[in-house]
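In order of appearance the chains are A, B and C, and numbering begins at 1 in each one.
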Amino acid sequence: MIRHLPALLVIVPLLTALTVSALSWVAPRLCLPLTFGCIGASLASSIGILVEVIKSGPVVYTMGGWSAPVGIVYVIDYLSAPVLVVVTAVALINLIASSKQIDRDFSDKKGTFYTLYILFVTGMVGIVATGDAFNLYVLLEIAALTGYSLIGIGHERAPLSSLNYLFIGTIGASFYLLGVGYLYIATGSLNMADLARFMAMPEHGTSTMVMFAFIICMTGLFIKMGLFPLHGWLPNAYSYASPASSALVAPLTTKVMIYAMIRVGLYVFTPAYVFGRLQVGGAMVWIAVAAIVFGSLLALAQKSLFKMLTYIVIAEVGYMVGGFFLGNRMGITGSALHIINDAAMTLCLFLAAGAITYRTKSDDFKDLKGLFHQMPFTMTAFTVGALAVIGVPPTCGFFSKWYLIIGGIQAGHYGYAAALIFSSLVNAVLFFRIFETAYFDQPGDGKGHHHGHHKHHKHKNKMVEAPVSMIVPLMITALGLIALGIYTGDIVTHVIQAAIPGGIA
Amino acid sequence: MKITGLLTVIICGALLTYYAMDFPDFGDGRSPANTYLSPHFLENTMHDAHVPNSVTTILADYRGYDTMYETTVVLTAGLACFFLLRRKESTSPPARFFRHVPTGLTLRIEEGGKLPAENSKVFTRIDSLWAPDSLIIRNTCRLIIAFVQLFALYVVAHGHYSPGGGFQGGVLLGSSIILFSISNDLRRTLKRFREKTAAVLGAIGVLIYSGTGFVCLLMGAHFLNYEALSPLLGLKTGDPMARSHGIFSVEIGVAFAVMSVMIWIYYNLSSAGKHDEGL
Amino acid sequence: MEQIFTAMGAKYNYVAYIILMMVGLYAMIVKSNLVKKIIGMSIFQTSIILFYVSTAYKTGKTIPIVPYDAHAAVQAADFINPLPHVLMLTAIVVSVATLGVALALAMKIYRQYGTLEEDDIHEDLRSEEGKS
């Protein structure tokens, strides 16, 4: 069975999703245990594959027995294996933490919600594991369609935001498909390793078809990951959705798209082409700087917790895109490490925000007063997440920022390093503002005057904590942030360094 | 807004056209796309799978993994429409319309009025957006639907030898039920082909597809490698008919899935999720 | 200049797909009715399907269904390229699925706001925010 692990990684979730879909009409009680078991099995097999890859190198699995370039192959190498573990871990933790929220928001359609949940995870895992350019498009669309429906229910403005996301996301995916089409008519192959082999030939290095394919593919992926100025869909889509969905979609979508960008940039259009011949590095890093500055500044202007977190996500995308386009080993290491770290940080913050809204039914800053006394565990985890975003050791956020800043200085791009430091300062201001409201202000200060029920003030320091099923995964994630920080050295030396092709300085 | 949109579009179009001048000519048989990979498919389709239609072989065998996800996308669309739209409200519509069968008279009963019995033979319920009852349409469609379904089964079965296959046949089957729903009304169709049937059948269709691949995995070969099915079908290993039967089995799964999902999406979209009155 | 016109004459399929794609993109950007935007999206996706299928064509050759003789040698140059057709089967299905989800969302929006015009919906939202 070990040698079939790459296939089982995607097949088991798919089969479970179909079973859950059929069972939701017949025996709805079985849906949650099946979902939990399936994502747990996915997590176990992705850890198994990570160990296998560290031991003996990349794993290649041919679907249908046809080897490349005739058939579709799955390639799990040093870059995909850790991202797989992160994707399945985020999904599992969110499933446990959001079960109460799902009961509240989707009480009559739980079976369908779980089916869409597993299909979303299947799409994400498939994008990470595939080695075929067209297969990536199909799985991108599965992840996208399930994402649109998951975030379509929630707040009153959810359907409009989701439809807007659908329009922009479809343009992005179609651009990616067009780029693959251009590559196909230039070379005749769809397999990623094969295309990389073609890139090395001189006639493809200079053709305009390949240059346009690169531009259009990358534009499509930038639209899907929410890079400034193509980020318009992101704040509304993630803040108006139900917290159960947004805690799944927000940490994963953008990070897996950045993984896809690294995969397409390094393993299809080889680094020699991207950084040597096209020389897009410089311009792209300036766009990333704009994204970081813009995201951080707009986050300052927000009055609602979820909206602020989405703008922080936009700034984080800027970190990773800038890090990749620096073109040196430090920068790409920082970018790949930040995929893992940022998924964990975003999950922690979104879960904490979800727990807060579960109890207080609102995420406006005015309503966060005195929360440290009422929800100590939630706010502790929120603090750890905030420290990771700011970049305080020993949380993981510090180490990936360190790599990115060193990479920027080594490449001579001082603007990028300055933007990172600026963003850390702005994040500190953002989060300390929240800490001040939550710790020092008394709860009910704004609302108490209207009620005139002075008895309520006696209860203001009672703990109104979120349910245990939300707290435990939250604390696990917060501990994970610290653990990821402590083990950064191991992660970088054993896994990420091996993922970067040798030619990069 | 219009001016910026027009300018963006014209500039993008001009750029794309200018850079398209390096592309291969239309109809060029010697472009890289036409000479690198596809000759392998055309030359080996009969030898590997004994299927003359090379599009079917690529779809279900060489790139069968992609097609499995394509079928899942179809199921996802059905699930999404159900998830977003379906409401099981028990509020009654403001007015209900009934037709008195012997005389053809239309009755309109306001909210709170006394409705005729559910199974009354004399009064039938009609939709509020009512088109006149037509004997011609109802009976013509009754005849056509049977032939459409027969043709759909023909298309599915002949996917190996002529253009066709699971997707095309599934859409035809779905459209036959939709034709029944348009010529009669939605409630009658729901009685004959319930939503639960459509949903479960859709999932079963994709399960047939991935189940075939999973059986290959259990027999020791790679996922979706139909050669591993030869012992189960009583064929020698390496017999191309094993692949042919494997392709046929997944095409059946695809037909079921596509048919059920087309009907399911129609039920939810035409009645805005209430399953009360359709188009 | 003349070069460009002769080139466009030989590669008119690319011009066709670009025109269609720009029509779809224009509809998505400029129109304010949600259903018109959805139709523009559908046109946009169809143009990419046209692009792929047009690259598969070889002048004067026939459809890729080989003769039913297991032992005859098949000349691949006599048939058009089957691979883009297969890829586009997938793309068509994906485009239909996206259309279905988009229509379901549009129906939900209509149920909520009573209108499908984006300008009216934004006015509605602005007045709501002004009140709260």
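By our rule, a contact is a pair of C-beta atoms (placed from the backbone, for glycine too) under 8 Å apart; a residue touches a chain by one contact, two chains touch by 3 or more.
Quantities reported herein were computed from a predicted structural model and do not represent experimental measurements.
Visitor: Compute per-chain Cα centres, compare each with the mean of all protein Cα atoms, and return the closest chain.
Guide: Located nearest the centre of all protein C-alpha atoms is chain A.
Visitor: Relative to chain A, which chain's C-alpha centre is the most remote?
Guide: B
Visitor: Counting C-beta pairs in contact, which comes out ahead: B-C or A-C?
Guide: So, comparing the two chain pairs, more contacts are at B-C.
Visitor: Just the number, please: Cα centre separation of chain A and chain B in whole Å.
Guide: That pair's centroid distance is 33 Å.
Visitor: Measure off the straight-line distance from the CA centroid of chain A to the CA centroid of chain C, and report it in whole Å.
Guide: Using C-alpha averages as centres, the distance is 28 Å.
Visitor: Taking each chain's centre as its mean C-alpha position, how far apart are chain B and chain C in Å?
Guide: 19
Visitor: Where in chain B do residues touch at least two different other chains?
Guide: Residues 16, 23-24, 31, 33-34, 37-38, 41, 63, 66, 70, 73, 76-77, 80, 84 of chain B touch two or more partner chains.
Visitor: On chain C, where are the residues touching two or more other chains?
Guide: In chain C, 25, 55, 84, 90, 94, 97-98, 101, 104-105, 108 touch at least two other chains.
Visitor: Enumerate the residues of chain A that touch no fewer than two other chains.
Guide: 134, 138, 141, 145, 148-149, 152, 159, 184-185
Visitor: Can you list the chain A residues touching chain B in their complex?
Guide: The touching residues are 4, 7-8, 11, 14-15, 18-19, 21-22, 25-26, 61-66, 69-72, 108-109, 112-113, 115-116, 119, 122, 126, 134-135, 138-139, 141-142, 145-146, 148-149, 152-153, 159, 184-190, 207-209, 212.
Visitor: Residues of chain C touching chain B in their complex?
Guide: Within the complex, chain C touches chain B at residues 4, 7-8, 10-15, 18-19, 21-22, 25-26, 29-30, 54-59, 61, 63-70, 73-74, 76-77, 79, 81-86, 89-90, 93-94, 96-98, 100-101, 103-105, 107-108, 111.
Visitor: Under the touch definition given earlier, write down the residues of chain A that touch chain C in their complex.
Guide: On the chain A side, the touching residues are 134, 138, 141, 145, 148-149, 152, 156-157, 159-160, 162-163, 166-167, 170-171, 174, 177-178, 181, 184-185.
Visitor: Considering the complex alone, what residue numbers of chain C touch chain A?
Guide: Listed in rising order, the residues of chain C that touch chain A are 25, 28, 34, 37, 41, 44-45, 48, 51-52, 55, 84, 87, 90-91, 94, 97-98, 101-102, 104-106, 108-109, 112, 121, 125.
Visitor: Contact residues on chain B for chain A in the complex?
Guide: So the residues of chain B in touch with chain A come to 16, 19, 22-24, 31-38, 40-41, 61-66, 68-70, 72-73, 75-77, 79-80, 82-84, 86, 88, 196, 199-200, 202-204, 206-207, 210-211, 213-214, 217, 221-227.
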